[in-house]
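Each structure below appears as structure tokens.
Two complexes, one shared chain (subunit A), two partners (subunit B, subunit C).
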Partner chain A sequence: MAKFEYAPAPESRAVVDLAPSYGLFINGEFTESQGGSAFKTVNPATEEVLSEVTDASAADVDRAVAAARRAYNGVWGRMSGADRGKYLFRIARILQERAREFAVLETLDNGKPIKESRDVDIPLAAAHFFYHAGWADKLEYAGLGTNPRAHGVVGQVIPWNFPLLMLAWKIAPALATGNTVVLKPAETTPLTALLFADVVQQADLPPGVVNIVTGAGATGQAIVDHPDIDKLAFTGSTGVGKMIARSIAGTRKKATLELGGKAANIIFEDAAIHQAVEGIVNGIFFNQGHVCCAGSRLLVQENIAEDVERRLKRRLQTLRVGDPLDKNTDVGAINSKAQLTRITELTDAGEAEGAERWDNGCELPAKGFWFRPTVFTGVSQGHRIAQEEIFGPVLSVLTFRTPQEAVAKANNTPYGLSAGVWTEKGSRILWMADQLRAGVVWANTFNKFDPTSPFGGYKESGYGREGGRHGLSAYVTTESNG
Partner chain B sequence: MSAPSVDPTARARDLLGVSRLTNAALTSWLHGLPGVDQVGCEGRAAGLGTRSIKTTSKAWAIDTAISMIDLTTLEGADTKGKVRGLAAKSLHPDPTDPSTPSPAAVCVYGDMVATAREALGDAPINVAAVATAFPSGRASMPVKLADTRDAIAAGADEIDMVIDRGAFLSGDYLGVFREIAQVSEACVREDGTRARLKVIMETGELVTYDNVRRASWLSMLAGGDFIKTSTGKVSPAATLPVTLIMLEAVRDWRDLTGEMVGVKPAGGIRTSKDAIKFLVTVSEIAGDDWLDPFWFRFGASSLLNDLLLQRQRMRIGAYSGADYVTDDSPSLY
Partner chain C sequence: MPTNQRTAADARVDVRKTYKLYIGGKFPRSESGRSYEVLDGRGRFLANASQGSRKDARDAVVAARAAFPKWAGATAYNRGQVLYRVAEVMEGRRAQFVAEVRASEGLTERRAETVVNAAIDRWVWYAGWTDKLAQVLGGLNPVAGPYFDISAPEPTGVVGVLAPQRSSLLGLVSVVAPVIASGNTAVVLTSELRPLPAITLSEALATSDVPGGVVNLITGRTAEVAPWIASHRDVNAIDLAGAAKAEGVVWGDLELAAAENLKRVVRPAGEGTDAVEPDWTRTPDMARMTAFLETKTVWHPKGR
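This part shows the complex of A and B:
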């Protein structure tokens, strides 16, 4: 038994007021479904049912798109940028005021540790609204082209790993540029989006500007296929992204897709090793590894590999896995049973293919969906765990000998979302960033996000950028780009 | 404690793999240590600072922190009366609650060692003396050694020496090594036992984290029993990131040599909340072996009363206030 045991420090649930069931947020109010059904959303840490939400039908999606179109034609599309900005500032401030409520709800529905929802997800979501609020009346000067104009009605489908943050990434730029929105949150994490509907009402946003329809794949497909959608924005798996691209081929719809990743986190022999170990941990165990840009492949220079592995394993033994609402929890629950099954299947394959498996041996709660922080050593490029996105707390360790070899291995993947480079040599950072085919290259850090910085992928990690001026450009047409 | 079995110079030659210990050899060894990324290091320290320590673990941490304090007075205006007051305070930190632990040591200037020793009697509280031309360290070696021997002769259990920061910053690592090794030798008493040596690096004057790491390794190599951040006379003194780097150093040193070295942040730690952040950092960086007054100390004066206030609050359920803890170090001004 450790000398210094941390007593439980749970965040209170009292701040969250959950309804037994939720309808759909269409045209500024919650409405009953027409022909849809219902499904339950659970707390993945306990399997407790949190609430029942609507599985929206195609008719519901049609109503939502019609409401968005009316709002676009009637009020939002004509409103001055300065006035749109006021609404966005208001939403940002309300998110800050209700931050604790959102953080607790996000943790309940998603399973992520409260320290992450409290310190990362919610503050960043508010920051995205603040950032885009500032652009609303300055689009002419954003360097997007001449006379930037909104597309109209935007359909948005977001994933379960950062539910409110992904909502903010989608809704903030869409509204700032004058578009109206139909958004579908992921089926396992709909609750913060539904609470956001409450914020939309509180901010007195005109009805129909933001519509939230819950549901599963069929609801998403109905949004994608709806003829009155002008633009789609999707974050999720590469498989679904390809389906969307096929669905809209030959239509006028524009799309941005932010898809999977298999990022290399590259550690050179001259790296600041103690901080690099932290960067490896943050890269793959942040948010249980449910991060599209997670540093899931560790590429470590062979002459320091043994030392790095030893330090990493020691560090992982101090990770606190358990109750996501406990303020000292570092790693929370896997978001769903389906995801746990996928992680288990891929890690079993890793073992079967001959990689050496290690986990930190921590105790796991009896109920809920859990997976120990796991490291595979002796991994080669041919292994499935080096190629496929696991989307869980599982790190594959590969080695390299020269910078050229590191680049070749890092780029040898169909994905290209992010990469990390750890070296004390500035010139090498610049050279690597130039060679790596990844949308984001972090130098001596990992998993850092900011609304001013564009984010997006190369290759099968998708197209289009979110955040920064680049992100704005996806939501407007100009006289130069049509 | 008995004299160290290893001669630091011989061990340094062995660890560095050289037949003669030169400044060049020391330089290449110290400059070969991994660098410290400032942003990452400060981020890690800030993360540890968000740990939420409540109820039973808070009570344990408060008592542990009290037992790790080197209760300190290092003023030109120190008198025997002031030192006796400090000794009395460490014997009975909270007269309303005899279960309160005592600090580990009382830390004074060399000329106050005898007074402190006499006032403490047989109590298991050490007397630590600052030496070697504290706080600047600007004196010749014979003076520094005489300063040390004087404190030892007066009964000091522990010596807190300062390194020559000028020598360190100018690259004279061998000079600093020799200085520490000689003071360590001067810590040996006539009967062959020796006082434990704390090496103050004055990290506020070394400025960079790379320097803090190098100075930590140099101090351990030269035979320091403790590495200590600061004199308390220079700002910034003991910061969490600096202490984190020192805790990494003692952990990595044990991996290399099998030996443990203590860590003492000193100066600027005034609240229980801060002290608990340091204990969290000790636990998660170096490990629980260091959570012991033999291996970790706080150089502090006002910290003790804040810990006592928190301790009273946990016992009676309400804040009492500053007038309910005894104050033996009020400001002169």
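This part shows the complex of A and C:
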């Protein structure tokens, strides 16, 4: 296949106005830390320092929780659903108006291609606010139980792979149901959350309803452990999810946990093969594979495995890896040096355990954190690359002969977040969907998200759902009869 | 249960029942060979119940896991009929349940009858839910794109249940029926001091077309066996209702153990670290069913 040459098509970063440093957004305004330190956030594509942000202390978290509690007791918890909804509609509109600014900033701080931040992250974030805005005065119709009421103050800790989108998944349902929030963005991607604070101000949201505290693990732990937090919502690794579950054991704090995954993407011999190959590529190389529901285990029916591998490798050679701000870029930078180290370690283990390694041989920029789209064939179920979440652009290929074997292999993991099925046979799709122990099953598609569609895992991929009326239930209590 | 009041005219020596465990559809004694004395509400001897062990709990988990695919895969209509059948069989043994609840809980005849009636009616209530859940809790998601996108509830898997300590039958039914109605299978630790109605219930289950392994009942010391269920890696969820007023049990410790494989946990009622047993006579809601359900969402493109 001839490779097209593309002229550079960089998106302008002039739309972004970065401050040299940021404080913490508490009680409606940016404030200095009390006893915290500062750290730099870098562009992972260039290692350029973008800004300096605050590593919030436990005292800062305490101030943020106090502000959220005051806002809950004084304003937000008493406000009519209709008025809460109108604030959320405002936020949705401002996000749409400032979409380009958010997209460029997200790409700068995260390293993801501009076409993804522009076409996926930011529009979906706005859509989440728009969707939940409408729920705010209709909760009694949501079928959540008798007299649904807010928990109070919600602590939220989000990851670096979809920074603004995860913020929207957390904040929109929390505010719609009448809770106030203290949110900590990920250490390596704090900037769009801090820009969101500006949106909160433009929307005239009452002070303290949304508080943004930046920091690393210790800041997150301070939120989890704070006695005046009523509910926690976390997206991140299964390891940290278990720490949170242990931290709140024996308390009355509620939690929703969206954790890791090791999804099987299953290709049957009768699949529409061109679409399936595109689906495989989207499944694992979307967002550099930094996706909890990524289709990181390819299960191909044995008799078409060679053909699929050949087509896949040919397709991967046309992927454009490089400058995330270039509008033609397909695969951007790895988010951090630490993540690059983890991907490198696991792929080295894949080779050492005997799987066959292939990458697309593309040129990589001299600076920044990069990893070539990589495929392992000859992978067996016991290999680390078939069991552990790599969270990078690395695909492990396994084969199967029968639908039963595909199900057994797909379910052979402590995770249960997502799965993909590719076949033209309708009855097989439905049978497979029943058998797969995963919260989301994409049939003849992959990595689709929508605010109306509940997302979340089985088993050690966590508990609770986000999106749809199911997602609301995590943010309310109802009168229970035991 | 033994009849203690025997007059000279009533000379027949009655045949006493041996109370055993219920695992995988069979009635074994504890592998440990241990038993413990069960007393009535006034402190008189009722029976020697099997004192279940860690090994018994593990056997019960194996049985529950083995039973899960078929029970979860049964039609909702079928599960509803089976649960209704439990009510029918209990109704037929009503007098026995009344006598046992009366003895175990120290109730008046009339009060015991009310409790047994409520327990039977609870099976009927949950039987009617089995084929309603998917429509009430699931449905089409109107996504912004050319996709068919549907969500439906599915059972979580194997659920550990600490049955209430005081309400030996109604409380037990109130925590077991919602677990199995949706297709989960259960490993149940019965009331420690009032285990006899639970074992009689297992006899009703065994004759009600509830497949072996769907409900497994272990009698014994809650503080001894509960930690093994809470920490078991092949148990997906746990109901801690029976931690309330259980000797030597701290529910927070059990929740801590449950975090190891991210079990779904239903905490006992109460405030803070307290645990209280709720009033089981109140009409239930969906909370005990939804706690042990997963939502599965399936996407498919639309096209010509």
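Structure notes:
The definition used in the following text is that the second predicted complex is superposed on the first by the 476 of 482 C-alpha atoms of A that agree within 3 Å, B and C clash if a C-alpha of one lies under 4 Å from a C-alpha of the other, contacts with A are read in each partner's own complex, and residues count from 1 in each chain.
Everything that follows uses one rule, which is that a contact is a pair of C-beta atoms (placed from the backbone, for glycine too) under 8 Å apart; a residue touches a chain by one contact, two chains touch by 3 or more.
Computed from a predicted model, the values in this text were never measured in an experiment.
Of the two partner chains placed around the shared chain by superposition, neither subunit B nor subunit C is touched by A:367.
Contact with subunit B, but none with subunit C, is seen for A:5 once the two complexes are overlaid on the shared chain. Of the two partner chains, neither subunit B nor subunit C is touched by A:401. Looking at the shared chain after the overlay, A:40 reaches neither subunit B nor subunit C. Touched residues of subunit A, counted separately for subunit B and subunit C, are more numerous for C.
Look at A:328: by the touch rule set out above, it reaches subunit B but stays clear of subunit C.
In the superposed pair of complexes, A:444 makes contact with subunit B and with subunit C alike. In the superposition on chain A, the residues of subunit A contacting both subunit B and subunit C are 444-445.
Note for the complex: subunit B touches subunit A at residues 34-37, 39-41, 43-44, 50-58, 60-61, 64, 248, 279-280, 283-284, 288, 291. Interface residues of subunit C facing subunit A in the complex, by the touch rule stated above, are 73, 136-137, 141-145, 147, 149, 151, 156-157, 174, 236, 250-253, 255-256, 258-262, 264, 267, 269, 271-273, 278-280, 282-287, 290, 294-301. By the touch rule above, subunit A contacts subunit C in their complex via residues 127, 143, 145-146, 238, 241-242, 245-246, 249-252, 257, 259, 414, 429, 433-434, 438-445, 448, 450, 452-456, 458-460, 462-463, 465, 468, 470, 473, 478-482. Those residues of subunit A that touch subunit B in the complex are listed here as 2-9, 115, 119, 270-276, 278-279, 318, 327-328, 424, 444-445.
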